[in-house]
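The structure follows.
Order of writing sets the labels: A, B, C and D. Residues in every chain begin at 1.
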Amino acid sequence: MRFKPSYAPGPTDVRENVRLALAKKTNNPDFDKEFVHYYHEVCQKMGQVMGTTNDVLLLGGEGILALEAACASLTEPGDRVLVLDNGIYGEGFKDFVSMYGGEPVVLSFDDHQDIPVQQLRDFLEKDHDFKYATFVHCDTPTSMLNDVNQISPLLKEYGILTVVDSVAGMVGEPIDVDQNKIDICCGGSQKAISAPAGLAIVSVSEDAKKAMNDRKTPIASYYANLQIYLGYREKGKLPYTMPAAHIEALEVALDNILEEGLMAVYERHAKIANAVRTSIQAYGLSLFLETGRSNTVTAVIIPEEIGALTLQQHIQETYNLYIATSLAQYTDVILRIGHMGENAHFDKVLSVLTVIENGLRDLGFEGNGHLGQLFLDAYRAEN
Amino acid sequence: MRFKPSYAPGPTDVRENVRLALAKKTNNPDFDKEFVHYYHEVCQKMGQVMGTTNDVLLLGGEGILALEAACASLTEPGDRVLVLDNGIYGEGFKDFVSMYGGEPVVLSFDDHQDIPVQQLRDFLEKDHDFKYATFVHCDTPTSMLNDVNQISPLLKEYGILTVVDSVAGMVGEPIDVDQNKIDICCGGSQKAISAPAGLAIVSVSEDAKKAMNDRKTPIASYYANLQIYLGYREKGKLPYTMPAAHIEALEVALDNILEEGLMAVYERHAKIANAVRTSIQAYGLSLFLETGRSNTVTAVIIPEEIGALTLQQHIQETYNLYIATSLAQYTDVILRIGHMGENAHFDKVLSVLTVIENGLRDLGFEGNGHLGQLFLDAYRAEN
Amino acid sequence: MRFKPSYAPGPTDVRENVRLALAKKTNNPDFDKEFVHYYHEVCQKMGQVMGTTNDVLLLGGEGILALEAACASLTEPGDRVLVLDNGIYGEGFKDFVSMYGGEPVVLSFDDHQDIPVQQLRDFLEKDHDFKYATFVHCDTPTSMLNDVNQISPLLKEYGILTVVDSVAGMVGEPIDVDQNKIDICCGGSQKAISAPAGLAIVSVSEDAKKAMNDRKTPIASYYANLQIYLGYREKGKLPYTMPAAHIEALEVALDNILEEGLMAVYERHAKIANAVRTSIQAYGLSLFLETGRSNTVTAVIIPEEIGALTLQQHIQETYNLYIATSLAQYTDVILRIGHMGENAHFDKVLSVLTVIENGLRDLGFEGNGHLGQLFLDAYRAEN
Amino acid sequence: MRFKPSYAPGPTDVRENVRLALAKKTNNPDFDKEFVHYYHEVCQKMGQVMGTTNDVLLLGGEGILALEAACASLTEPGDRVLVLDNGIYGEGFKDFVSMYGGEPVVLSFDDHQDIPVQQLRDFLEKDHDFKYATFVHCDTPTSMLNDVNQISPLLKEYGILTVVDSVAGMVGEPIDVDQNKIDICCGGSQKAISAPAGLAIVSVSEDAKKAMNDRKTPIASYYANLQIYLGYREKGKLPYTMPAAHIEALEVALDNILEEGLMAVYERHAKIANAVRTSIQAYGLSLFLETGRSNTVTAVIIPEEIGALTLQQHIQETYNLYIATSLAQYTDVILRIGHMGENAHFDKVLSVLTVIENGLRDLGFEGNGHLGQLFLDAYRAEN
């Protein structure tokens, strides 16, 4: 299997010092008190990056485990749950809610715009009897960014707990769990954090803990049961053998972020994303979104006569580069350029855009000027 | 956090070539077809080591996820499940069964002996109306080895599906999933396989698949839902971002095993374990078990006036070595010497026994002769 | 120090499996007989790549140590040595000859063409009283390739021993030490072999050994004394502590080459180099050389109003890429694009040419069309 | 080739963070100004550990290159050089002196005692017409430690430059180049520094530079020519492609030392060495030396009826451990236990002594009590 650089919206490139940390011998993560202590230090560092003093848990699994754990831990049979939907992952929450016996109420919006806050307020005014609500910070299949800064506080006004999927958002887009009043914020190690895949991240607020403690029925899961994690934590233990090497690698990735500075990281993403969007449009291609364009990924509409899948395949074979298309109805429509975490660097994005330009030309599409050059110009104009 | 070699019954030492494989850049594990293909090759190699042509799945999580997934996927509300118990993990299955709505029937045996097959047969003669049964191959807290070669075929005779926890057994003790007629066999990467913690392993028989397909209610989980994994598999996809580096590291660990030869690996474990048991007894200490002593770990009773916890603590502080005690009621009674996978090497075990001898002497216990020397003599006598 | 990809003519990119081999624990390289045996196996594998069954030695130092060792070991006070010169390194040999008491006779040719064999023959016809002759296979400062296939056999016809500097040639350009009758062939680990810098390579023919044995004066060096290495070798020992990790890494690099196939590696270099030369000229830039253009590096004349140094500096600062200029009188004239070993891959060269185009444009130079695109077209035309 | 831990007096175990640093991608070490700057920072850090503000050079080669470079750079034909000899490496300097045309005057002392300073003073009183003198700080074949604190200042009193081989001394035994007035102090990366083999270290005083500048004849070497290194240094360049990965690894090793604290490192060596010597003698074996016992290695006399070579071979085969014997006339007499750098840790030395005890017993030698236990007792008595 030859290595192919990937500019999908995750997993992202993992920096050398993070990969090498994975190769280290680790202490016994089961019973060694020092390790448990260390685990909690890394959790806290994770919380620092997420802007929270809430308990943060690192689960031994992929980001989706965080989403399931949030729903499994909060949902009791019969609970009404508000599922905000303006993208593919947004709607997906309803399955988790149903699975654990809840009654999902899906509120759908236009897929081309971020969740309209006023419209949501109007809805809530009439119906706000929900135990919790779910929404996605960055819904990658369409590159949608929802305004976490307004939506979760608004829901909280109505006494609704919030579960936010920021797997593809955090670190690439500003998020401040405490200020944004997010009860359970979900992340994954392999997106803008640029650590290896293998860790799911959740922060749990006091309100969320209370909701779990007030349950009348037990949580119907072990591996996705946040109460178990929190209970072990209190006893200075861990509920199973943690992937110790991953914890150490995550810490190095977090140190990389903190060393660069969280604000600088956000700005890097913003500058890259702006230049990508400007150049894509100047070149003659269209963006999928009207508003809510995330700085972590850009969804580009590929002319029908070429097709996103054909372009992807061609680039993979000819230029040994992996770029993602989208999911479901958008699979052959959208090409997604991931520019998050370690992939959000000028030189890398310049080279991926050059390849896309060459790939398009090979398949008969000639845009205006040169995509790489347009990116370069746009990027420089920002400085 | 200074590195402390650990001789707990897992996680075991990870060989250098396995650790370095973790540091490699990986391809996109989400959509890259080559990666999916590669993933299945590694699954198959895992099956080869487990003695099965059944579908094998590698889940992104710890071994306990395999146990939960087996129970979550097989149990429907009201199902009677036979839980065989002669150790701490054996009994633990009843919680998974209850969690997913089943009715666990716990059949307990003496903790000091392996499951008496005739007794089980007598029981089954009277009551065998169970959807499935669970038992533990190697129950590490007491170092108990149950006879997988007899128990699962016996259960199968009565039309009972079997779920076997071989997390701490496989590779260290002979297991042949097909010959032993195990429907769902569970493993973890970090025990005798000596890969890093982070992968749960399950093999799924056709009968187990049929039981899932015949369910009247959906499986109440995503992350622990084996049907989802199998469904994605059929479509040539994976249900979430796999920890790609772990898959590659596991393959190297499996190659290490296959290169040495599975029979040679079993024999290495047996020789080490025999010499450990002989020398421990010759030195004047007692083994916890009467029968069913596993070759992967040895449970030693520590004289009450010293206490297993005190000895463990002293060895940790003075000799920078981690040795486990046990769980629950045995916490301060049993010291467990893990000798599985990469830890089952003569030079390593010699050094850990020498340390234990020194630790005991420091705390006032003088045995007969020298533990290291006794091990050496016993080991040589086997050759 | 931020990492900057380098497309200088060496050190080249080191493949991941080679770098990770460097991280391995090694056995004692001083006295361990197994290690000495292993060292010789790697030497032999090196010989296989160089096309020789002569003794091959790996010295613990940089490539230049190989050149010095050749001259130190062959030269006795008063020896006449023919130094063929059509480039900067070619002439440099005269210093080594003088340093060890020899009398260098420098035969200089035009720097823009490879050594004219007929002209050399004419010279030799008149004067061939030389103990040995030196020349450079690939003289990187000007990217000059000399015809090793003709020159060394010709010298040999006249009874002259040959010392060939193929540090920047071997593996990138065909060389067959035995067929080419080269007495001492010198290499370095960090060029087209793409192993880390730190090993100097020499092959020593029987004639060269005889010349050393026939010396009337001792060799005035230890570290650069080939007789010492050969003597230790015969005794199954090594003259000092070898950099064991480097030996292991070199072996992995050689395995990479042999797995791809030496002929395939040569062809890869040729295709890349042809496409670079074609596109550079089509774009409107000039190559420094008329004939003898090496497939391992291309020397491009940079328009005077820009200057090679300014371009290099600009590319380094703006695009985080390192490209070399040249040496001595050519420092500000020539830009050298290294495309050898692991750097001779289509996707890498495409990206470096795109950067050069952008860099030139930033500084006011607009060529014909697009350098990246021209490279792409030329590369494809070859297939 | 199976890995065998080695307790020879070098190369020593390389700590994990140092080995992993070797695996990192490096910048172009030829022309990149940042790299040259970095190289000099590491040189300075090396100087800090050696106690000097003199120029320190890292040469791309093994420690012996440092010795040769010192002699090559200082010696002019006819120069009288005083070679102090009380061990095998001490006498070896005379070859380097002769090789470069000097006239070595060997002053030999008893091999069982460190150089007697008064005797040396008496000698110098009568004859001190030497350009420079050489001696070995720690002469490993006999584990001899000479008093660098007295010898070099004494020589300096007589206007004699000093070349000290501290390859196996520095970091394990106190040395302060400036206070000890050493003109050229030589080291190697793979001994008590515990970095990988591959770098030779020299510090060069102003007096030594003056001596080189005052030469009437050129230095007859390139690779071992300190003037060339110093000249390039002044121009902000390097004389050849440095093994960049090694430089980075050395820095990590130096950081490890500085983090522990140089004094703490010396004390660790002293405590280990004292306990080794005490226990060896209590066990009934004899030390080779009467005085001058180095803290980096212990030379033990092995009873004639067993023989050091037989014991070494047996331990290697049976216990998979490498221990060195000695050289020349002492090859079958002395076993050398290396306890320097990363090998000078309590748990490692305990395990090597236990193995030696077992090995001796296997071969028929029974000492008093238990060597491991005696070491333990002696080690604890020191605290």
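Note that contacts are C-beta pairs under 8 Å (C-beta built on N, C-alpha and C of every residue); 3 or more make two chains touch, one makes a residue touch a chain.
What you see is a predicted model, and the numbers here were worked out from it, not measured in a lab.
By label order, what chains touch chain C and chain D together?
A, B
Which chain pair is joined by more contacting C-beta pairs, A-B or B-D?
Higher contact count goes to A-B.
Given the pairs A-D, B-D or C-D, which one repeats the contacts seen at A-C for over half of the pairs?
B-D
In terms of CA centroid distance, which chain is the most far removed from chain A?
Of all chains, D has its centre farthest from that of chain A.
Need the CA-centroid distance for the pair chain B / chain C, whole Å please.
54
Chain B to chain D: how many Å between their CA centres?
Each chain reduced to its C-alpha mean, chain B and chain D end up 48 Å apart.
Where the CA atoms of chain A average out and where those of chain B average out, how many Å apart are those spots?
Whole-Å distance between the two chain centres: 34.
Which chain D residues touch at least two other chains?
Residues 3, 16, 20, 23-25 of chain D touch two or more partner chains.
Chain contact graph: line, ring, star, complete or other?
Shape = complete; every chain linked to every other.
Provide the residue numbers of chain B that touch chain D in the complex, in ascending order.
Within the complex, chain B touches chain D at residues 3, 16, 20, 23, 319-321, 346-347, 350-351, 354-355, 358, 361, 370, 372-373, 376.
For chain C, which residues count as touching chain D in their complex?
The contact residues of chain C facing chain D are 1, 3-4, 6, 8, 10-11, 13-14, 19-20, 22-32, 34-35, 38, 60-65, 68, 95-96, 99-100, 188, 190, 196-198, 218, 220-224, 239-246, 322, 324.
In the complex formed with chain C, which residues of chain B make contact?
16-17, 20, 23-25
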